[in-house]
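First the structure, then my questions, so here it is.
Order as written gives the chain letters A, B, C, D, E and F; numbering starts at 1 within each chain.
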Amino acid sequence: MNPPVKTAEVLLEALPYIRQFSGKTIVIKYGGAAMEQADLKEQFALDVVLLRFVGIRPVIVHGGGPQIGALMKRLGKEAQFIGGMRVTDEETVEIVEMVLVGKINKAIVGLINHHGGRAVGLSGKDGNLILAQRRPHRLPSGEEIDIGLVGEVETVNPEAISLLEERGFIPVIAPVGVGRNGETYNINADLVAGDVAAALHAEKLIHLTDVPGIKDAQGTLVSHLSRPDAERLIAGGIIDGGMLPKVESSLRALKGGTAKAHIIDGRVPHAILLELFTREGVGTEIVL
Amino acid sequence: MNPPVKTAEVLLEALPYIRQFSGKTIVIKYGGAAMEQADLKEQFALDVVLLRFVGIRPVIVHGGGPQIGALMKRLGKEAQFIGGMRVTDEETVEIVEMVLVGKINKAIVGLINHHGGRAVGLSGKDGNLILAQRRPHRLPSGEEIDIGLVGEVETVNPEAISLLEERGFIPVIAPVGVGRNGETYNINADLVAGDVAAALHAEKLIHLTDVPGIKDAQGTLVSHLSRPDAERLIAGGIIDGGMLPKVESSLRALKGGTAKAHIIDGRVPHAILLELFTREGVGTEIVL
Amino acid sequence: MNPPVKTAEVLLEALPYIRQFSGKTIVIKYGGAAMEQADLKEQFALDVVLLRFVGIRPVIVHGGGPQIGALMKRLGKEAQFIGGMRVTDEETVEIVEMVLVGKINKAIVGLINHHGGRAVGLSGKDGNLILAQRRPHRLPSGEEIDIGLVGEVETVNPEAISLLEERGFIPVIAPVGVGRNGETYNINADLVAGDVAAALHAEKLIHLTDVPGIKDAQGTLVSHLSRPDAERLIAGGIIDGGMLPKVESSLRALKGGTAKAHIIDGRVPHAILLELFTREGVGTEIVL
Amino acid sequence: MNPPVKTAEVLLEALPYIRQFSGKTIVIKYGGAAMEQADLKEQFALDVVLLRFVGIRPVIVHGGGPQIGALMKRLGKEAQFIGGMRVTDEETVEIVEMVLVGKINKAIVGLINHHGGRAVGLSGKDGNLILAQRRPHRLPSGEEIDIGLVGEVETVNPEAISLLEERGFIPVIAPVGVGRNGETYNINADLVAGDVAAALHAEKLIHLTDVPGIKDAQGTLVSHLSRPDAERLIAGGIIDGGMLPKVESSLRALKGGTAKAHIIDGRVPHAILLELFTREGVGTEIVL
Amino acid sequence: MNPPVKTAEVLLEALPYIRQFSGKTIVIKYGGAAMEQADLKEQFALDVVLLRFVGIRPVIVHGGGPQIGALMKRLGKEAQFIGGMRVTDEETVEIVEMVLVGKINKAIVGLINHHGGRAVGLSGKDGNLILAQRRPHRLPSGEEIDIGLVGEVETVNPEAISLLEERGFIPVIAPVGVGRNGETYNINADLVAGDVAAALHAEKLIHLTDVPGIKDAQGTLVSHLSRPDAERLIAGGIIDGGMLPKVESSLRALKGGTAKAHIIDGRVPHAILLELFTREGVGTEIVL
Amino acid sequence: MNPPVKTAEVLLEALPYIRQFSGKTIVIKYGGAAMEQADLKEQFALDVVLLRFVGIRPVIVHGGGPQIGALMKRLGKEAQFIGGMRVTDEETVEIVEMVLVGKINKAIVGLINHHGGRAVGLSGKDGNLILAQRRPHRLPSGEEIDIGLVGEVETVNPEAISLLEERGFIPVIAPVGVGRNGETYNINADLVAGDVAAALHAEKLIHLTDVPGIKDAQGTLVSHLSRPDAERLIAGGIIDGGMLPKVESSLRALKGGTAKAHIIDGRVPHAILLELFTREGVGTEIVL
């Protein structure tokens, strides 16, 4: 408990930021440590509820986590890889969907509601929110291979999200897409977040990661990263792995009309509030 | 394909019923064969989409199915029973939630959308839709036992359903409730359907079952069953097993303001349309 | 009475069409046998009520009929013709208005309401719905003659129609126009229907006639008639008489933003439903 | 043309009355000389348009007139009377409807619109506005006789009127009712006006007549007439003939929630404006 | 009190004008004798209330008056002039604000409300209605001098005015502006009226003055004054002094989208009603 | 500037309170040191803007201050007292109004707007917000005396306040009332605040004072004061002077439907935020 006067001071320091984001949509890609450590989970839920009560509209897109692998293992389902990519057959995508939609999504919804918010979970199937198609994969050899039901966003139909947002609900989205023939696709959550942010013309897209941000070749944290710089760092292999889709997602959001995109360190307690409500900001801002 | 003139005739025979239910909410408890046989599933989805397009508001509550048992078995989770009741520990309720919310609910949503509807799935956690508490169980000996996370509805918060209904969406509800401390409860879907119907002041509650309706002691189908008759048949053990919660659900819905409650045979193709749009109706109507 | 299962099948065959026209305005020019034969009249009223209840917005424009001639005859008013055109003096237009607005319109409104619709009759005077001016007539000799109060639409003020449509009423319009000085004009109902369809940006204009559609020089029914073909058939005298204003009306509606225009056989029972709800359609579609 | 300063003075004298009736509904029974003399007709239309533009909501109910008799005569239809009451067979009611709805109503609508208002005519059939039933007639001998399709109001469904009023239209109602089997009834316009005023909870009901108001046994104009006084004057035969339904209508309106009811002299130019906008008022006010 | 029939006649003469301005905003610059003489003040308040009740939307902008000078004198504050311009220091602007906002504005609001209107006073500070900046002053020598807190309108934020107008209130605006640093500016009321008219896209701007209108070099009243003529009369010194800002204000309003601008004689009783509701109009109309 | 993490912590401690007051109206009586010390003024403005941005609806009622006396003195107006009460003649009430409405109110409005709020000032004359009457004064001798234009609230017409609140404005009210004859009344601001809170069914009424709260006979701060206790303390002379109207105001607000009333120490920085957003609260809560 802080001394009361401190409370007032701090609230007022946050005022200019509250004013700035009042009524705006902030899409948050939720994942990593912030989704796994008990204390960080509580803090995340509180942050999101706070945003909603001070008049900001958070929309959450979450990823998967160790639970998918755990369930697959328990079910004796062995992972298959071709050229380093996981082959996703129908049984796999069913497990993925069960865990993402029936377990992780519900846990997040429950946690937010437990802290006084009014979250509603959505999968990409609900209201045809995320129409998806097969994502083509190309081996380094140039050969294109079929790795199954891994999708990419074709269209986002944001009507259900907007409806919920307008009435004070907090939408929580699982990165599952639906194909033209009703088939289920597992989609990278980072990319879903970017396309959702674009479809909602969000004010901000925030990626919660497990690193302090993007670093350059010298290992220095980059606070503003432009598209050409990003492309250079990618070409040079400095940005790679899990950071690649976050950068791609950010650039797609910006091109689609989102005002700002950030990659921040979700291991820092209340990283979202720090990004939104303090002067310094945290992590790396991607710039078109 | 029917001859065109027949088409017109049939449509017009349905007109008085369409008029009668125009703008009204119909809660449908979906389960049994209608949820398992491929052809009946397609017919159900089409029926629901048709209702919505002719101006009626269907709300679906679905049950579980063999998938829960199948997954439990694959996970090596053995069912425990005390006094005939399944003991539901935390791991069990997690599996139940994953299957209900992440698999069955999504399959129904996908099927309806594939036929041109706009379904959105909801679990009882979404928007705190179903606040639940532990359902007390009493052995025949009178002893009360703890069988774990089996819940009963405490309150239905129908705001999210109403919101979706008003904008043309079809809500599809999984019978999972959330307790005051955030814990997950597995609830009998029949009872959820009755309480949702009451909370929405629905025009009708329809239970899809795998029998033609309720039969009396002589084995004759009862087309209208009053509360005292129901109580007599229950006392006499004529109504028992899975039919008990359907009757209880119907009576609760009627007391809560639902106009009519029906138990019909979901194995009949398009049973919902037949109940709503033809003179005879089908199955048993429960009367207060 | 059809067997119940047939009912369901047929309703579902109609579903794609119901979905397609949901919320759309369909302007129907009502006349000919469909307005005179008792059974066809009933069927027409039922068809219109059905459309409204499945979420489509019918707007009716009706013509006159033998009643006008009958009343004129009883009143000893002799028809005068110049160059084949009926001369419409003030007394004639008064009789026309009385029969159209006070008898035919009211009979249609009453019939629709008797079948559960909520029709409201409008004349072109109501809310200045149809502002009209004298329609110039030219003899084959090229000489222009005055044949009195025969008008053509100058402007349609559709506000009253839209208002009624939005609240679930079915507007029924008598083809009477009002001039700038308050004078009454008798206007060809086919032409009124086309201009009303254009003003409402209707989805469809349907002309009910007493022939199967438009035939070409060989007497073959034309299922799609383009503007150049129409002009050729008119020039060749193949399209003439009462069919001319229907084709003109259809072309005007299409130019004004109506998506489709049809000339169909009103003697076929439930011709409207067949046109809207079955794959084949009926009669001739006019194409820009 | 008045001197400008006079204009301002007079407008301001009217201000307290404009304020008082702002947004209120005034039902006007229109008939008699005011509906037959050219100058009074113009003045009536202007008065009504003025009311609408200063924010008051006039609703007109008109009666028949000499035109009905004239048409019947021209059609060789002889009036039949039993016990002094006109027998109204189906042919008669058809003529009445044609003249009321197709001629008189349209002439009033046209006149109001010509002076800048936006009138819409309605018959009791439109939107089932006036549901009617046979009005029983009893001879002085006590014997009840059937005089045909003379009706009395059973229910007023004012939705179409309210809809039009709210959007600035002026509803003009012809006193024709529709029975449960779709049959047409001729109804006394005074009584329709009273029931419409009650259904709309009108602020005022004004009957335009051809006398200065109600006179007592001494022939003195009564400015306020209470129900008991009215009953006494009726019992004494002082109020009789055409004045009887006006008094009955007024009492029904007052009982139904109308604030005030007046019987005024429609032969006085601008009698409506004088009643509403000057201190003295004119004619007789009926009091519950 | 006028004879009742006269009342009706006069109201009807005003009808075309009431119709024309129905729902339109009229900005009135109120000042001069009309703000000082007791009888003219009453008449002004009545005129404004009448406008509002007949469906027109008056917005008042008032000036100062002798009260400012009187209070300054009583406070021993001596006026300072440089090059003929009053130097407005902080103490002066405070006195000006107190008198304009706390005395004159409230007296006008009170008077209008006393006559049945619902006026609400606004200063340029309320809702940041008038953002202002220092108005530069240049001596005839070309030298620019600082005469203190005399402002000019930078931006009008009309939201609060529109909000009040829509709900039937009459906004009354004091010509005080607020600078970017919160400082108070005294602004010429004529100019404020013009900018408010432009911001509201008013139908009319009316300046009440103490002269019959603008006169040309020959002393003849000009009924329509074009921009080039105005510029010529200004260059020739014929328009000067207090008339200059009225002409400037009118031209700014017209350029900003106001349809008409008038300079009329506020000493004539009910000058506003005469301008709006009679054929001749009064004073000078400024034309772009 | 606080360390970022502190910021997050403090915001979250405030969350339960923000949630509790979300969408609720809080009436704040503003006066004393908080209205005179530069730093406290800034803090007050910031607090109020913060409330608005986190979704709470502050309504300010301010009192007078030393400026009234100062202006009276400068104007050579000597205060007259009878029985300890200031005699308020017409000239005095004019000065009071000028200072309250034209100076203090505008300064508060300006300050709030300068910090990013959208305040609109209202006097009790605006929209007839505060209808007032003469407040009777009785000498200890029992003799009633006339001390002039000191009023008490007769009715609050809160429509203008509600209108402004709903659209995000912050109403700031000067305690001036208007009598039935248009006369101006000076009213105790504490009492105005209580009646405004009652009229708005506010969630809270907060009085900012220059003492820590109400003390009992022993000089101990009372944290909850019931009506009987208040009456006892008043009878015993423990509550007296300027505290009396604050207690009366609080009791009136509570009786009128306000949920809570507080008397707090406005000299404490950010006293409003501390009262609303921290557990302890500050000062004395009055309880019915």
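In this text, a contact is a pair of C-beta atoms (placed from the backbone, for glycine too) under 8 Å apart; a residue touches a chain by one contact, two chains touch by 3 or more.
Just so you know, these numbers come straight off a predicted model, no measurement behind them.
A.B. asks: State the smallest step count from chain D to chain F, taking one step as a move to a touching chain.
C.D. replies: Counted as steps through touching chains, the separation is 2.
A.B. asks: Chain D and chain C are one sequence twice: same or different residues at the contact, by the over-half rule?
C.D. replies: same
A.B. asks: From chain B, which chain is the farthest off, judged by mean CA positions?
C.D. replies: With centres defined by C-alpha atoms, farthest from chain B sits E.
A.B. asks: Go ahead and note the Å separation of the Cα centroids belonging to chain B and chain D.
C.D. replies: 56
A.B. asks: Taking each chain's centre as the mean position of its Cα atoms, how many Å separate chain B from chain C?
C.D. replies: 47
A.B. asks: Where the CA atoms of chain A average out and where those of chain D average out, how many Å apart are those spots?
C.D. replies: Distance between chain centres: 69 Å.
A.B. asks: Could you tell me which residues belong to chain A and also touch two or more other chains?
C.D. replies: In chain A, no residue touches two or more other chains.
A.B. asks: Take each protein chain as a node, join two nodes whenever their chains touch, and name the resulting shape: line, ring, star, complete or other.
C.D. replies: ring
A.B. asks: What order results when the ring of chains is traversed from chain B, passing next through chain C?
C.D. replies: B, C, D, E, F, A
A.B. asks: How about chain D: which of its residues touch chain C in the complex?
C.D. replies: 74-76, 94, 97-103, 105-106, 109-111, 113-114, 118-123, 125-128, 159-160, 163-164, 167, 169, 176, 178, 181-182, 184
A.B. asks: Which residues of chain E touch chain D in their complex?
C.D. replies: 1-2, 4-16, 18-19, 22, 43, 46-47, 49-50, 53-55, 116, 269-270, 273-274, 277-280
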